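Paired with subunit B in one complex and with subunit C in the other, subunit A is shared by the two complexes that follow.
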Partner chain A sequence: MNDTFGRRIAGMLHRRPRLRLSLLLSAPLLWLVLAYLGSLAALFLSAFWTTDPFTSDVVKSWSPDNFRTLLTTSVYRDVALRSLAVAVAVTVIDAVIAFPIAFYTARVASPRYRHLLVVAILTPLWASYLVKAYAWRIMLSEGGPLDWLLKPLGLHGPGYGLPAVIMVLAYLWLPYMILPIHAGLEQLPANLLDASADLGARTWRTFRSVVLPMVFPSIAAGSVFTFSLSLGDYIAVQIVGGKTQLIGNLVYSNITLDLPLAAALGTVPVAIIVLYLLAVRRSGALAAI
Partner chain B sequence: MHLSRPARIALRTAAALGFAVIYVPLLLVLVNSLNADRGFGWPPSSLTFHWWTDAWHSSGARDALWTSVKAGLGATAISLVLGTLIAFAVQRYRFFGREALSFVVVLPIALPGIITGIALNTAFRTVLQPLGVGLGLFTVIVGHATFCIVVVFNNVIARLRRTSGSYEEAAMDLGADTFQVFRDITFPLVRSALLAGGLLAFALSFDEIVVTTFTAGPGVQTLPIWIFSNMARPQQAPVVNVVAAVLILLSVIPIYLAQRLSADTASGGRI
Partner chain C sequence: MAIRLRGLSKSFGQVEAVAGVDLEIGDGEFFSMLGPSGSGKTTVLRMIAGFEAPTAGTVELAGQDVTRLAPFERDVNTVFQDYALFPHMSVEQNVAYGLKIRRVPKAERAERAREALASVQLADFGKRRPAQLSGGQRQRVALARALVNRPKVLLLDEPLGALDLKLREQMQVELKALQREVGITFVFVTHDQVEALTMSDRIAVFNRGRIEQVGTPAEVYERPATPFVAGFVGTSNLLTDEGGTYSIRPEKIRLLDEEAPAGTGDDLRTVTGTVAEVVYRGDSTRFLVALDEGGRLTALQQNHETSSEEVAAYRGTRIRLQWHRRHNVIVTTPESPEAPEAPETESTCV
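The block that comes next holds the complex of A and B.
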């Protein structure tokens, strides 16, 4: 840029760092803070509004009715607790399945293949969410592959329902759990393990007293994904859940008829996720993500 | 750690089983796309390419694919610009609300999609509709860009953290102005991070269904929406399965590109 006008602007920008900063930030702030946070705030404010029971138009008058309904209606309470239980179950299942896989890829497999194994973990993340849920819909279908596989054992698959939802969510988010644990185990200094062995600890003792405490932040980091992604999901529930309802389905089914109630229902997963994030942050695991 | 032989074998078996569980459903979709039985009877009695030709001629699937590509490119372009701007501001400057800003960037992807979806839907209907902008492809792009910003931001800020400002200072000492420094030094430094972030952003947008449900106008159908609405129709099931198989095969492309990119970065990030 040799023309003097360009150089004048460049010089002006160079002398005024605050001007540079405001030019950098104005567009993103407009987008994220004004548009996105603004619409979020508006949504949660509307949780305090009500609807006209005849026209289902939103009536803008303040009342905590929606939250009272939420706490006193047993269906809503049950569904909220069920969603929480599903998210916890998915997280525990993923941690239990992911640990041996990550341990193998990070510490046992020969270093030559480690890179390939990481790619093999990453690959399903690029395959579509919907395709994976669809694959399980076929797997679990009546007389489908899972039934066929279990038939010689005299068993049959779980079919569509709550167990299927937990299985499919655990399947969908498993790579998000394996990757941080793999990274954590890979960084584990070998001399700590040697020291533990020198002090007479056997495999199991070393695992419990050295490995587990050191990779705990990684498990917590992975759990942020498995937990919060499970808590908000309603698509997989529709695909393999049969009649199962989770909190996301309740929000979805109330949107057109009673938006304020849907917004109030939506505060439940958001509040739980924010609390969970804060708890994980206290354990210092968020730096690992 | 010294593992006993049985422990090694147990770990190896567990890992093999784990990988089998990860890949069997995907392989099943591939095999099923050739299953001659319309009702997907298992095991397949005979194989056919009939559904693949059907899917090739399905205009619904093709239109949806094209819509998804347009939405993905739009969202990627916007998130590349906004994500890079925020990354530079957060990494190179100190200002009030800096920590909060990096939290707000993550929020659209951390909160459930349905929350972001209805919030944007209500906002679009109350703010844009009176201006004559209805729900359509444009609003889908806006919605997708909102949660794609974070992946670009993460990639660019990670790169900026690893590169010191000394190259830029050297260029300025040699008489380059702000624009020249950006064009000749800064941009080449972050280029591969932009590619990696853009790739992720596109993949994220291409796969998204929840926010799309709430921001797409009538008649705007992305591929995930098309799959979801046709999944339960027995008539369309074989075509849906072929589309699913194609998406599994296509996911090889971003994996290959991502590997190339990370190999590029590992070789020392040429300037």
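The block that comes next holds the complex of A and C.
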């Protein structure tokens, strides 16, 4: 009895592909619209509210004041530009470090060893973000391990500050860059490299004309992670950034004081990331994700 | 001498892919390396191109030892089995790639790429991406990309393997014509005996990393040097009698009714048997005959007058087979220590 009922339902669903699809997607779509787009819309709306300077209460009246403040106050402009520069620097550093590692894991290492290496690359992602950031705080501390290591060379570590933030963020997001490049290089057919050499190209030329253009979508995919994660970060900068201010920690520090301003600040990285994604999309790289 | 290989060997770990190959290929020759998969023919090709370094032995191109040179330092070009076209470049860019690297001026480069594409009937396809072409068209682009560099030697690694039969036969003719026209040495790797027989000036038959025989198509087909060659090139019928083991080609055998008057004479060999299987192939029919004296022979008959219904009626009937002794090819004599080894090849038949 039960069985035939189940079969009837299955048969009905089989004959109605639209119903099948809507049943499949309704729950995730509901979540996406309510929780994801909804919260983004709420953020954007609240950026137009203001805060009463005396009571610190949110006044729900429409005004573009917050955005005007952002654009006219040099501090905010500087912080936005600095955050952008950090995100770009982290992305470039990660791409430069990730490429040789990914090349080794994807094309040089023996298949058995390859799996171990991929696991090794993933392992740091299992450790808590805070633990890793604090580990770097110790590394970078005055007279800490990094200073001690560099001492024989007559150098000292960067201490806390902007360079430390870039270093730590580059360290934190590196796996997100290695994995897509590894996947891209793994899919690169070996005979394309043979063909390039056969047609007279030396190693560097093959890299430039064949390897790089073909794994560019993977690099772009990795950069979406490193770029957006760096732009939104507010913890590493508090731990190793010294007095450095980025958009993330400005938002964080304003949330309790001036929520509408924090919301307006929060739309800045969103806007930058949207612009970045559009640029990446234009390059044709998102087709690979 | 375009290519000279001396004692060429290659091992991958414990596996010996190529075990001491000596070979000389002349200028302007269409030379085929024929053998089953895993016989080492492709590895030899890759060592000539420079993609693999030999474990032992030397490779000479035009009298110069190139064994230690990288692929980009050798004056050879390769047409790869799956074409290896650069997917991110247009057809034109693919063809011009080698010229660009050699710093050929832009105008000349474009002109030569255009000519090369025209010579493979793809003049209007320059702006397309490889993904927008059919298999046969990609194959031609790969050919144009290699030939545009005017190499001394063109290496072709089973270039027609992925094409359907009609296209393959058409490309065989075109390739041969192209080779005559440009006069470049072609080294052609294939596992297809018909392809090798149709196109080549000479053929080297590979087996287990060694060359079993080198010769013209007629030599290899009519006078196979070893049982392996007899079996791999064409369908071989191996028979053993007091004279040793010999091979007789199916098309040399006449089929006669048991009662029909048969020719007599010392130069004729006649055996009797029962038709075990009839394979109708449109233009011809293959009869598998179980011999009274033991063993089996395959005989091939052109379907001059017979139809499929008629040949099917032969199954199970008594039959007489007759052929000229001069078509017997001795593959081993009774004194020969090596037992005849008939490879299992039910592949394409000649």
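Everything below uses one rule, namely that the second predicted complex is superposed on the first by the 249 of 289 C-alpha atoms of A that agree within 3 Å, B and C clash if a C-alpha of one lies under 4 Å from a C-alpha of the other, contacts with A are read in each partner's own complex, and residues count from 1 in each chain.
Here, a residue touches a chain if its C-beta (ideal position, glycine included) is under 8 Å from a C-beta of that chain, and two chains touch if they have at least 3 such contacts.
Bear in mind the structure is a predicted one, so any value in this text is a computation, not a measurement.
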Is A:Ala197 touching the first partner subunit B, the second partner subunit C, both, or neither of them? both
Where does A:Val251 make contact in the superposed view: on subunit B (first), on subunit C (second), on both, or on neither? first
Which partner, once the models are overlaid, touches more of subunit A's residues, subunit C or subunit B? B
Identify the partner contact of A:Leu275: answer first if only subunit B is touched, second if only subunit C is, both if each is, neither if none is. neither
For A:Pro213 in the superposed arrangement: first (subunit B), second (subunit C), both or neither? second
Have a look at where A:Arg205 lands relative to subunit B and subunit C in the superposition and call it first, second, both or neither. second
Under the stated touch criterion, which partner chain does A:Val92 make contact with: subunit B (first), subunit C (second), both, or neither? neither
I'd like to check the shared interface: which positions of subunit A are touched by both subunit B and subunit C across the two complexes? 196-197
Where on subunit C does subunit A make contact in their complex? 49-51, 70-72, 76-78, 80-82, 84-88, 97-98, 101-102, 145-146, 149
Which positions of subunit B touch subunit A when the two form their complex? 1-4, 7-8, 10-12, 14-15, 18-19, 21-23, 25-26, 28-29, 32, 40-43, 81-82, 85-86, 88-89, 93, 95, 101, 104-105, 107-108, 110-116, 118-120, 122-123, 126, 142, 145-146, 149, 172, 177-180, 203, 206-207, 209-210, 224, 227-228, 231, 240-241, 244, 247-248, 251, 254-255, 258-259
Interface with subunit B, subunit A side, in the complex: residues 1, 6-7, 10-11, 13-14, 17, 20-21, 24-25, 27-29, 31-33, 35-40, 42-43, 46, 97-98, 100-101, 103-105, 107-109, 119-124, 126-132, 134-139, 141, 143-145, 147-148, 171, 174-175, 190, 193, 196-197, 203, 206, 211, 228, 231-235, 239, 248, 251-252, 255, 259, 262-263, 266, 269-270, 273, 277
Within the complex, which stretch of subunit A touches subunit C? 189, 191-192, 194-202, 205, 209-210, 213-214
